[in-house]
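Dropping the structures in below, format is structure tokens.
Okay, so chain A shows up in both of these, paired with chain B first and chain C after.
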Partner chain A sequence: MWKFIAKRLGSALAVLFAASLLLYVLVINSGDPLKDLRESNADNREYLMAQRVEYMNLDAPWYGRYWDWLTGASKCLIGQCDLGRNINGVEVSGLLANAASSTLRLVVLATVIAAVLGIAIGVLTAIRQYSGLDYIVTFLTFLFFSLPVFWAAVLLKEYLAISYNDWLADPQISVGTSIAIGIVVGLVLQMFLGGSLKRRGITFFASAVFVPLVLQYSLWLNFYRYPQMGPAIIIVLTALLALSATAMSVGLKEKRVLYPALITVVLVLAMYYATFYMLLEPNGWILFFGLVLAVVIPAAIGRFMGGRLRKAAMSVSIITGVAGAALTIIDHLFRAWPRFLDVKGRPIATIGSSTANLEGGFWDHFLDNGTQLLMPTILLAVISLASYSRYTRSSMLEVQRQDYIRTARSKGLSERTVIFRHAFRNAMIPIATIAAFDFAGLIGGAVITERVFGWKGMGEMFATGLDHVDPAPVMAFFLVTGTAAILFNLLADIVYALLDPRIRV
Partner chain B sequence: MRFQRVSKAVAVGAALALALSACAPGGGDTGADASKDANAGGGNGSAEAANSGKADLGDITTADDTINVTVGAPEFISYNGFTPNTYSTYNSAIVDRMFAGFSYFGTDGTLYPNEALGSYEKVSDDPLTIKYTIAEDAKWSDGTPITVADSVFAWAVQNLNLNEGSKEKPLFNSVSVDLGDTVPEGPQGDWDGKEFTVEFAEPDPDWALQTWMLHPAHVVAEESGMSTEELVSAIRAGESDKLKKAADFWNEGWMTDPGKLPDEKISPVSGPYKLGSWKAGESVTLVANENYYGPAPATKELTFRFLEDASMVQALQNKDVDVINPQPTVDTLAQLENLGDAVAIQKGDTLTWEHLDFNFAEGNAMTNLELRKAFAMCVPRQQIVDNLVKPLNPDAIVMNAREVFPFQDNYQEVVDASYDGRYDEVDIEGAKKILEEQDAVGTEVRIGYSAPNERRANEVSAIKSSCDEAGFKIVDSGSADFFSPNGAQDRGDYEVALFAWAGSGQITSGQNIYATGKPQNFGQYSNPEVDAAWETLASSLDPAVHAEQTKKIEKLLWDDLFGIPVFAHPGLSASGSDIQNVRHTATQDQIVWNAEQWVRAE
Partner chain C sequence: MSTTNNNLNEPQNLSSVAEVEDAKLAQIHEKPKSQGRIVFDRFVSHKPAMISTIVLIVITVFAFSSIGWGPFPGWWGQNYYHAGAVVDGGKPTLSLVPTWLGGEGFRIGEHPFGQDSVGKDYFALVMNGTQKSIIIGVVVGLVATVLGTVIGAVSGYFRGWVDEILMRITDLFIVIPLLVLAAVLGKMAGASTGSIITLALVLGLVTWTGLARLVRGEILSLREREYVAAAQAMGSKTSRVIFKHLIPNTMGVIIVNATFAIAGAILLESSLSYLGFGVKAPESSLGLLISQYQNAFTTRPWLFWWPGMIIVAIALSVNFLGDGLRDAFDPRQVGKKRRRRAGMFALPTRKEKP
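Take a look at the complex of A and B:
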């Protein structure tokens, strides 16, 4: 095994080296780094050109320049990276740190959302193969997949930012619009929930009546500028969740699961009051530890009281605890919203990852980051939704045709168990590989998304460097993305090798 | 060689790349009136400007507010934007707000003294001697008075005689390097005083453009372990070895990683704004300098955001930014006009102009004056302006001069004296006749330009459809490497080059283009009369002589057909209608030239 890994690592390094040489030569020959000066009519053009030639070492042969870069970059192996400076004399390592962090912020959430939603949609469409839902969802995912990012971004900015901000200044929804929204929600819901014709009809009518009423009520409350929830609603929602999670896992009769869940609900209420003042002005650590406690304490309760059913008791309690904590956070966000609107009158800006020099406390910055992340995340997620959902769908369909699924069904297992225990798990194997590669690719940055939303990420650094025929930033980009791609590749190889001895040649 | 032009940071010269890369179709603007109605787009209630300089806002207090502006996507680079690496129009748009100079350019390229910093006057013509007086209350933002020491340091930075062995290796890595030779002695006066004189070795009509105020000498001195007095005397004595540390600090000491500003202690400013915060990749915020001695800036914070052109209009619409400066295109203008009253659009000509230049290299068909005349007759200049520029601006006109622009006061006078209007109308028959007489029917004319450039491609196709009729064979030889070494321009494989020069406020800049053997005389044009006229102009300090020689040169260039001017490039910017005092400028200072006067209406 070790020999195998060493071999793979060796060849990975060789690939990286060869690719860096190729890229370096391609970059320095991709254009004229003096182009802007050549077309200048400044009197000291010649002097400026000579300065740049000397600064960028343009007179040196390609192997000399590459060697200079390589010696600097190879110091990364001993932790003293010298990635050189860009055409403006700025240290590339500093540029890289900023670019990488902004790309990660942009990409991680979008990838996770796309993976989770994509897989869920894939499973759903596989179960209801060739239904109306399947066709519509397939159509939509392909539509999203083929959206030009640039154009979609312009539309998102127009509706989600500009129109929303205008609307928020004085939120109004006419009765007609409310009814229309209700009908649409009803149609979508009945499609997703499915069932017999009667059940679909009930779903549709219930939501078509309920949604318009809720919309008008929320307007009357001025909910969109002064949202509110309060402990009562938190408790009702958490309790409902605890009950339904218990019912779905083992049934309400199992006191060993029900009691820990209900105790967790009570704890949520207690914690809501206990942490109220602390959470008015928290920091990231408080939230993080809060989340850890929201997992650990219910887990402990479930473990002690669960007995034979401790596994189910633990997961139901954890779900309840985390949901309660999340609702508590949302409650505080609701409280912070009116104040946030005071410091940032138009909450969704079309550009930037956050507002410069924003005044206000933790929640204001939290909301600011959130609102700024909204549009690029939606855009990136919607576009990569298609590949996840399609792969999952076909993988699920494939697995469902296997003999062991039929065996499981004939044993009399419930449909839920068959699909999630037996089919879904096996269908996930190829998806895991895709997700790994997808993430490696996304680190390379979403050039266009970054540009239209005014984030300076990895893609932007690469494009600007190439534009100036400036090898240092391009090579830094390559170093990160190339290494990521090769590492993930290696990881996949190793995992395969561990799973399947036949691969170890 | 002269380097003064660069020393006026942005406004002058160097950034032609911007103009050449403006690949989208654009247009001119209000033509002759651009400078006069510069106020028109300024939003409601702006202060009325008496001339093309900054308006007098009277006694104002700084409003506690932030104005967001974007001039483009490139990131802020450094507090010191005066090295070849850091010098860019984008960086200058920011740092120019932080440093006061003795003069600035008005909206039409006229030079105005900056009375806040001080005053200057010519005290002698021979040798040319200028006396500068720094205002008594002028001080850096850290409280240190601005003195002659700072001017001596500015001179040192631009002095190639301070070097490591040879002029090839100057101590200070600066964009402007000739002051050591043009003003051999540097500023004369007590180092801690407020008055100094500079004496030029040769008469220099552009003396007022020289930079005598840059970075704080006291900071450089302290960082290099000297007293300011020691620094000044080392500079004056030309002791390069003693200055090594100071130069190293000046070259590198202000460079920081993106997002980290240099310590406020080492980055005091002399202008209305100082560095406040920097969000890497997204924005730099300048805050009002509370120790500023001139008129208080109108708004406390000025945030520069780094935005692509394509996202500017929506950002303006969503009020994420208040002032934008996009490349002028028909699409952008249409989008802005769709926003109606919410925005004010500033349009106008810029000091960049499009022209067709002939190749005078030996053996080239265009060395024949008659063929040049025939070509000039068939070029549909009016049609080009009508089709490619007027969609943006119905008032655009064909440009008939090289050294003056349609929006400048003396334009009509110069044109009247040099050009009789003979190429105003397309004359296919006339061109045909000349070609037949010269037995040159079917002459191939390769029009080269830096591609891709949609507007220029359209210009060439308009010329082709007209001139082919007259008997020329026009070839569109635009290519990406037209100006590169071994490109078509370098090899001389073209008859006509289509490109733009960025005009400067400099009086003598044209000498480099039109005089024999000069570096920017790409087509190898040579006319002893033109050379002599430039010589006279460059060695005189008398505006009357300048005016006289300019007319003479223009006439000679028209008679010889050096090339054909076509139009002045348009400029476009827009601001939220609640922002006052935003004014278009033709210079490369861009829209931010008077940013310290912007203020949001109550």
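Take a look at the complex of A and C:
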């Protein structure tokens, strides 16, 4: 194993070196870095040109410039990065740190959302192959594959962000619209939940009646400007989640899984009251510590009460605990929302990664970052969600054709056990490697999203760098994405070997 | 056997069970079909793929015949370089909503897609962009497919150091993100000549890697087959073994990936044009049209909608076409059969319960 990793790392480093050389030569030959100064009429033109030549070391031959860059970049291995200076003489290392943090914020969230939702949709469509749901989802995935990103982004800005902001200024939904929404929700829900014709009918009618009533009630409460949840709703939602997670993993009959999950629900309520005043004005550390608690305590409960089923008990309890914690946070966000609307009238932003000079406390900044993140995240998530659901679907179908699945069915296991215990686990092996590639690819692929939404991330650094024929930022971008690609490739191989005992390295 | 075959229509005359079974088998194998015929039949019965084929043909015919191409004149009366008077704010005159639905009835009018800010006919502009996008897609698809197939086949057939070198070169192209490499090369191509064919060739040079890996994998397993050993033993030249025996057997993978490469190329070109590293101003493409008019969205939305819709239509149909081809080439494909359905959370539905 170690020999394999060392060999792969060695050849990967060689490839990275060759690629950096290739890219460097291509970039410095792609245009004239002094073009804008040659055409300018400024008095100090000669001085500016001399200054830029000095910044970019243009007098040196190309191999000399590359060598300078390489020695600087290789210092990264000992923690003293020197990635050169950009066209304006600014140290690129400093720029890179800011750009990378804003890109990571964008990409990590989008990847996680896309992976979770995409896998869920993929499994569902594989289970119901050739159903109406399958056809619709297939069509939508192909549609998302075929969208030019920036075109979709402009539509998203116009129809989602701007019209939501307009609507929020005076939230009104007419009775006719709410009935139409109810019917659409009913149609979608009955398709997702499935079952016999009678059950689908009940689902449809229940939601077609229930949703319009809820919409009108929420308007009456002025929910969209003054949202509120409160402990009662938190507890109901958490309990529902606990029940359905139990039903999905082992079935409601298994008390050894159900009871730890329900105890976690009670603890969530207790923690809600215990932390209420602390969470009115928290900081990042408190939230992080709370998240750790929300994982550790349920895990301990599940571990001690689960007995034979401790693994399932632990995961169900952790899901319940984390969801309870998330709902508690959402409750506090709801409390902060009206105040936030006072400082930022049109909440869903279309440009930038944060509002400049925003006043307010922790939650206001939290909401501000969140609302700025919303649009690009939706865009990135929708596009990679399409590929996740497609891969999961074909992987699930592939696995379901195999003999051991037929064996599992024929020995009388329930469909739930067959799908989640036998089929799903093996279908996830190729998905784990795809997720690794996808994450590495998204860092480089967010160039357009960043440009459209005006984020000062790494993609923007690359695009402006290339525009000015400025190798330093382009190479810094490549250093990060190339290293990420190699590391995640290696990680994918190792994960594959660990998950699939048939693979020996 | 021959008697059984003659009695196919009257199975009641058969005396033994074995003969009945024989008759059934004979009936199944009644019409032998060639491999190509089977694939074609499967493809024709794939409805989305057939619809996409028709859509693609219609778009292509419209794009090339309406404003003409090269020396051939088109039937559309206006061209994309003449500015004129802006009529009615340049609004599109196309209307498809019949009067009884509250629309203006069916009419095409003078400028069906509207006019741009200087009064050029937008239909002609969009058709010109469509032509260029289709040309780019096809050229990129061709170059990438040929390169990928040859490199993958050579690498898989010879193995050893040839494979090692070619695959490291492939890795080189995979380590640099596609968009980055394409942007740098696109900028260089734009700086030197600015023609779309150069851009397309350059894009083809960077998009072959995925296919090369796939073809290499296929060839690695195919070259161990007996018929390849037989061909080698009979003294076939290496090139003959590769091009006559190995590549035709990987045609399925190659064709399917070529279609996806075309869709990918059209989208890649639009992204590059948006970033300013792709098609440059005197030339035109759908991506360039969108990026030129994206700020006109609130005032003249049609300038933004039409090129985008056409890109989506082309890419969507090419993707569906590729999907249909993949299904058609898949030997495991057996007719559509509904699986047993699972209910919510995969809990057994009522029917399944004992």
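To be clear about the criterion, the second predicted complex is superposed on the first by the 430 of 505 C-alpha atoms of A that agree within 3 Å, B and C clash if a C-alpha of one lies under 4 Å from a C-alpha of the other, contacts with A are read in each partner's own complex, and residues count from 1 in each chain.
Simple rule for what comes next: a contact is a pair of C-beta atoms (placed from the backbone, for glycine too) under 8 Å apart; a residue touches a chain by one contact, two chains touch by 3 or more.
Here the structure is a predicted model, which is why all the values come from computation and not from measurement.
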Just chain B (first), just chain C (second), both, or neither: which does A:Arg416 touch?
-> second
Check the residue A:Ile351 against both partner chains and state whether it touches chain B (first), chain C (second), both, or neither.
-> first
Check whether A:Arg451 is in contact with chain B, with chain C, with both or with neither, and answer first, second, both or neither.
-> both
Is A:Tyr273 contacted by the first partner chain B, the second partner chain C, both or neither?
-> neither
So, does A:Trp285 touch the first partner chain B, the second partner chain C, both, or neither?
-> neither
Is A:Gly194 touching the first partner chain B, the second partner chain C, both, or neither of them?
-> second
Which of chain B and chain C A:Trp2 touches, first, second, both or neither | neither
Go through the superposed model and pick first if A:Leu22 touches only chain B, second if only chain C, both, or neither.
-> second
Would you sort A:Asn98 into first (chain B), second (chain C), both or neither based on which partner it touches?
-> first
Intersected contact list for chain A, partners chain B and chain C 31, 150, 154, 158, 451
Contacting residues of chain A [partner chain B, same complex] = 31-32, 35-48, 51-52, 55, 87-91, 93-95, 97-99, 102, 150, 154, 157-158, 161-162, 165, 346, 348-354, 356-357, 451-457, 460, 464
Please name which positions on chain B make contact with chain A in the complex.
-> 1-6, 13-17, 20, 66, 73-75, 77-78, 83-86, 88, 173, 175-178, 255-260, 276-277, 279-283, 285, 301, 303, 305-308, 310-311, 314-315, 317-321, 450, 480-481, 483-485, 499, 501-502, 509, 512-513, 519-520
Seen from chain C, its contact residues with chain A in the complex are 168, 171-172, 174-177, 179-181, 183-185, 187-188, 191, 263, 267, 270-271, 274-277, 287, 290-291, 294, 297-298, 304, 308, 311-312, 315-316, 319-320, 323, 332, 336-352
Report the residues of chain A in contact with chain C in the complex, numbered from low to high.
-> 11-12, 14-16, 18-19, 22-23, 26-27, 29-31, 127-131, 142-143, 145-151, 154, 158, 193-196, 199, 244, 247-248, 400-401, 414-416, 419-420, 441, 444-445, 447-448, 451, 462-463, 466-467, 474, 477-478, 481-482, 485-486
